[in-house]
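The chains carry the letters A, B, C and D, assigned in the order they are written, with residues numbered from 1 in each.
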Amino acid sequence: MTEQQPALSKQQIIQNFEKSRLDSEALCDPLEIEDYGLQAIAETSPAKWHIAHTSWFYETFILRPYSQSYIPFDDSYEHLFNSYYNTVGQPFLRPKRGLLSRPTVNQIFNYRQHITEKVLNLLDNTHHPEYSTILERVTLGIQHEKQHQELFLTDLKYNFFQNPLLPAYQPIETKPSEKQSQSWVSQDEGLVDIGFNETGFCFDNELPCHKVYLEKYDIAKHPVSNEAYLSFVSDRAYKNPLLWLSDGWTWINQNKVQHPLYWLSNKEGWNEFTLSGLQPLDLNAPVCHLNYFEADAFARWAGYRLPTEFEWEHYARKHKNQLVESMSKNLQPIATSSGALFNQIWQWTQSNYTQYPGFKPAAGAIGEYNGKFMCNQFVLRGGSCFSPENHIRISYRNFFYPADRWQMSGIRLAK
Amino acid sequence: MTEQQPALSKQQIIQNFEKSRLDSEALCDPLEIEDYGLQAIAETSPAKWHIAHTSWFYETFILRPYSQSYIPFDDSYEHLFNSYYNTVGQPFLRPKRGLLSRPTVNQIFNYRQHITEKVLNLLDNTHHPEYSTILERVTLGIQHEKQHQELFLTDLKYNFFQNPLLPAYQPIETKPSEKQSQSWVSQDEGLVDIGFNETGFCFDNELPCHKVYLEKYDIAKHPVSNEAYLSFVSDRAYKNPLLWLSDGWTWINQNKVQHPLYWLSNKEGWNEFTLSGLQPLDLNAPVCHLNYFEADAFARWAGYRLPTEFEWEHYARKHKNQLVESMSKNLQPIATSSGALFNQIWQWTQSNYTQYPGFKPAAGAIGEYNGKFMCNQFVLRGGSCFSPENHIRISYRNFFYPADRWQMSGIRLAK
Amino acid sequence: MTEQQPALSKQQIIQNFEKSRLDSEALCDPLEIEDYGLQAIAETSPAKWHIAHTSWFYETFILRPYSQSYIPFDDSYEHLFNSYYNTVGQPFLRPKRGLLSRPTVNQIFNYRQHITEKVLNLLDNTHHPEYSTILERVTLGIQHEKQHQELFLTDLKYNFFQNPLLPAYQPIETKPSEKQSQSWVSQDEGLVDIGFNETGFCFDNELPCHKVYLEKYDIAKHPVSNEAYLSFVSDRAYKNPLLWLSDGWTWINQNKVQHPLYWLSNKEGWNEFTLSGLQPLDLNAPVCHLNYFEADAFARWAGYRLPTEFEWEHYARKHKNQLVESMSKNLQPIATSSGALFNQIWQWTQSNYTQYPGFKPAAGAIGEYNGKFMCNQFVLRGGSCFSPENHIRISYRNFFYPADRWQMSGIRLAK
Amino acid sequence: MTEQQPALSKQQIIQNFEKSRLDSEALCDPLEIEDYGLQAIAETSPAKWHIAHTSWFYETFILRPYSQSYIPFDDSYEHLFNSYYNTVGQPFLRPKRGLLSRPTVNQIFNYRQHITEKVLNLLDNTHHPEYSTILERVTLGIQHEKQHQELFLTDLKYNFFQNPLLPAYQPIETKPSEKQSQSWVSQDEGLVDIGFNETGFCFDNELPCHKVYLEKYDIAKHPVSNEAYLSFVSDRAYKNPLLWLSDGWTWINQNKVQHPLYWLSNKEGWNEFTLSGLQPLDLNAPVCHLNYFEADAFARWAGYRLPTEFEWEHYARKHKNQLVESMSKNLQPIATSSGALFNQIWQWTQSNYTQYPGFKPAAGAIGEYNGKFMCNQFVLRGGSCFSPENHIRISYRNFFYPADRWQMSGIRLAK
């Protein structure tokens, strides 16, 4: 949300902008028109809505305020594609996004094209008196769009899963992951710096960089595998209240939960629904699509705990090279949770999502971006195989409610 | 459900079949692909689902049992497009019909075409040992499809209404209705025949024809107009518990109801959402889209009551010519509730939907068609401007729950 | 609600009044103070509330309007103990009746005593200009109180059942019922008189007496026994959707129902919770505490149907002597459903609760007594072992929602 | 939960035990029998249940495991009065505690008396091989009972509030509070010790004592007053989404909230429901019965923020004398929120309730006491005028869900 230093040149920003616009559109390639409107629950927005909203963002926060000659593409879109910015007016009801058959997909792509062009025109006008603000906001817009690229995939996965046909978004071949032995890295106690302290972009919730005192801790080198989690399931863990947070036990009983979200068993064993359709469960791959309750219960069952977000960040900084390398491989969204990357899944931490000391939300409507969600959510760190290239960073704080399971969320243990 | 006499020739049945198939497809002409999947509430099925289910019906009840060479188009469809026939297996969850982006619209039309052809082939085979049963079931299939043609429109209207753009399905010009003076027809007491007693098709719930004793009654010549209903609204009727059934008052308070479903007011007055989009309220047209609670409360407020279904049927028989004439004008679905036809709206009766003495549901799965809904629903009589040609008849019993408002339902008073 | 003829002398009415007041109080004898406030669900009012409300009824409809010198016992009671009369002001919220720890039980009995005395004083004043209206309303008040005596017991039974201790209201010895063979009585078709046509009191919903045409029918001499119903349960009827109304099947699945409300099984077999505590299931006794869905499904399973309320009434009139005899034995509420009386349980009919032709609700607030409930309820006929002496009659129409199970409701079959 | 050092002599512990037992009983003095069973929502347990459960705790965790000769008072109580200890068996359903009219109040007091005597007998047996464990558990039992003393009052207040009569628990005279000027105390940054580090008892969630790095901060000397909060209300804050957390705004809209829980306005102004009945709003008293959403929104509106629990504790340690003095005045529960004490209300912090680094829950069933609630709750610090004497301490962590309003919860600002 806050660009700290003019880390990128104007030309680089334009290139990133164009690439991020094209990337979103490429995500649509495998879709049928009928797929664009699916919304199974309030949280999983339709593909069409993501495509429109990421254009709305530029229209609302850049074109309307800074482009004098700009004529809105369609007045009704301001309401229809507002996600949650009350400053901009009352947003259209989130659970009803799937009911917007009009504007059509075609109209949305026209809208999108229109916005892309107008933003590029504005970026050409380097004499604009607010040019630096425009660059800042385009940078934010790019990051915003990248966040929606990941949501595009996680939402679509959930929406497809409601269909007994279990459609495959991208039918690709996957090969089983390699086994990784459990091992730990030890860290000493001491005062450490937490938060963004580099050149370039970060969100407001990563600031300010501040000191945190950490006790000695060990953290696992690899995330928990499907195989390990299967032992937990087989140990009847979903029937044992002593393993669960009180709210988690309530959640299990209300929803009759017995295994991770996309696991399906048949007489031949466990399978997992992926964006490549139903696949045999890859035992060596990281377990994924767990909620906080499941992550926490697994850690308790295993005799360990989840790391704090500060432990995670401190550890990640000290192993940056390894992380950067793994990130560089993470070039494009893929359809299955298989693979062996360091960075395949988001990792639940035991830290609640709250403000850093001295936190200042951005001024105006953009101030609604992060701060107002600092309640009842837990921080996830890392990034997933659905995360776009160059999006994630060590200080990045993802956050979801403890019952949420449709994200690419797994476990890294600590002790 | 039950064909009484071989009233129609084989050739007529084939013609009716072909026409009803084309009629459903013609209803789709104004739709965008995106519109086919809309389902705002469990009750309002997607257009695509209606198109598929009316083919499923022939596949399940005719082709599978009677066509030896028939190979199902797609095995998964038996589950996906089963509405509520438990005999045939567990139906796919009704509230999730809108989440079936696959099969695509195109695939559904292929399925539909396939079924039409196979049924026509079967009808060619006049030497089939079950040929008369096949003719009976095709006749039922035609009636079934016509019921879904009306639902196609009422469901679409409701689903479009959720979109702030208020899309128009069929933008046509309408002219205001003519005023009709309130007048009454008196009927003497006596034993009358109720139920179907003619040649041709009827559903099982219209049988057997039986005797009912009626007291003397008066019934209104014309349905209640929007103007009359507006007086009721203006009299703060929605705030007065004494006008309402106890369950109706609960419904008002839980849903904060203040006017009929599709009425919208702005500073210039009342408008009504129609399949031609938003239109000024046509004061002389029959008030429409009321539920039973509203119909009953209006009657109480006006000092009258709703007729029983027996009073309605008895009256209709005595004025058959007038009715038949009005039906003949009712040639095609139209997009607005305007007009002056006798027969524009379904009319709530005070009769609960229950079996006639000696009622026998059809054997097998088709026995689930009507009987299992005989609980907590009220009978509506008449027919609407959305009802297909040659579908309705005097003994026809439509039925909905007292809180349902999305049908073309209005009021004819009695005293 | 409507007294037709001055059937009883003033002195008889006073005696009945005094007796009904004492009867209600006698029902309280076995209670602990703590029991008076129990309310497990909105429908099952606290004992204390029944005791207060039956006094409120006299205060509101007799003392306030007709006793000039009457000073209300406590102004707040008008609101607190109003059941559903909107004419009298907004009633206190029904689901919260159990939260009124104050006024205390003692205060309520003082209130009750006060009302009894003031009504008796008013009845002494035979020169009162509205004396005949007062007698009419006292007669209604007596009937009203008797209705609440039965509800007192059914509500208490349900409320006690929530306690794992399964408290016994009245621990009495019961002996097993005698077996009754299934047998049928045939009735011819024809026009019959339905509704109250005698001297004395009846409610407005029993009027006017009118003609109904009945087809030939057979009706069972005895209600369905626990043994017969146990066969239905053992036949896995609660797992078979084909036996159930569509709404009933939904009800079963939402509530995981597997047997009648008060049946509990242990390794020695079935027991039934009664007002005498847990008892072995009395196989020859009538099955009780079924809702309409269960009664209807049993009848379908057995190959029969439920009678209409007109069939029931017609049959009962023709066997009046038998009925009267059985009623005379029905002297006091008893704690178990055992016994062999004709009249032990209310019997679900397939008739919806609706108005008779020419129905006129009483004027004023008392008009809210019956009419506004004529929606989505079914008529029960007969009377139960919880019904007070001299309360029930052949034309009496009891009514409950199809999902309601906590009344003394069972099955008499027809065909 | 964990006694660190044998800080108190055996004799002191016995005295504290006896006093805490009597204190709970004294809280019952103003109650009518009818009041003991009230439970308006799942969270607000009946008075009777608190009285029983605080005895159950000793029976379950001391008498059953350590008193060889002990015969349970009543076997059913183990289930009925278990709050949430799954280790001990499935607890009786929390929302149904109000339905346990039996055992009666009298029986519960007999149970209570029995437990008190048996514990005292056990404490006499100083040669018991587990004597030190018994002392530890009695100490825990005393603290547990004190927690329930506060809940007894907050629950009763909420339950009484449902009654339109607004009963007064303890009708006492209160005098208006004195105005306190807003002023701030500044604290420097640095590493501080957090957690219990003294002699005596603390709960497991206060351990281990550990280091936390704090930035420079200012904290308010006095809690926010009713007057200040009234300005917030008058500024239409409950209508302004920009002031609220996203979840808070949802909460407001779902519950139509417009002011604090116990505020009621009439034409003469604002009143507040207290345990002394309805009282004029004491403008200078601390605002109370706010939930986290309200506390957070007020802070945002005022331009400040809530403190973290670490800031609060650090500040409190540095001003211990002032705090201790205020605690010593806090001798008995009082019925109104008036007064001027430092310590009248619990104060929401922005810290989520989570484990301290190195946290170890107690072994066995007692380990369920705290840890399993570490999700979605916020820490409150301080103590209230309902908190028992000698119960609270600087490191004490109270915790509730952000929507909870029925506790004595208010605001201390930070910046």
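Everything that follows uses one rule, which is that a residue touches a chain if its C-beta (ideal position, glycine included) is under 8 Å from a C-beta of that chain, and two chains touch if they have at least 3 such contacts.
Note that the structure is predicted; figures quoted are calculated from it, not measured.
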Steps needed, at minimum, to go from chain A to chain C via contacts
2
Where centres are the averaged C-alpha coordinates, which chain has the largest centre distance to chain D?
B
Rounded Å distance between chain C and chain D, as computed from the means of their C-alpha atoms:
46
Using Cα averages as centroids, what's the distance between chain A and chain D in whole Å?
38
Would you mind writing out the residues of chain C in touch with chain B in their complex?
84, 86-87, 191, 210-215, 217, 241-242, 244-249, 292-293, 296, 308, 350-352, 354-355, 357-358, 368, 372-376, 402
Residues of chain C touching chain D in their complex?
32-38, 40, 48, 76, 79-80, 92, 96, 98-105, 159-160, 162-165, 167
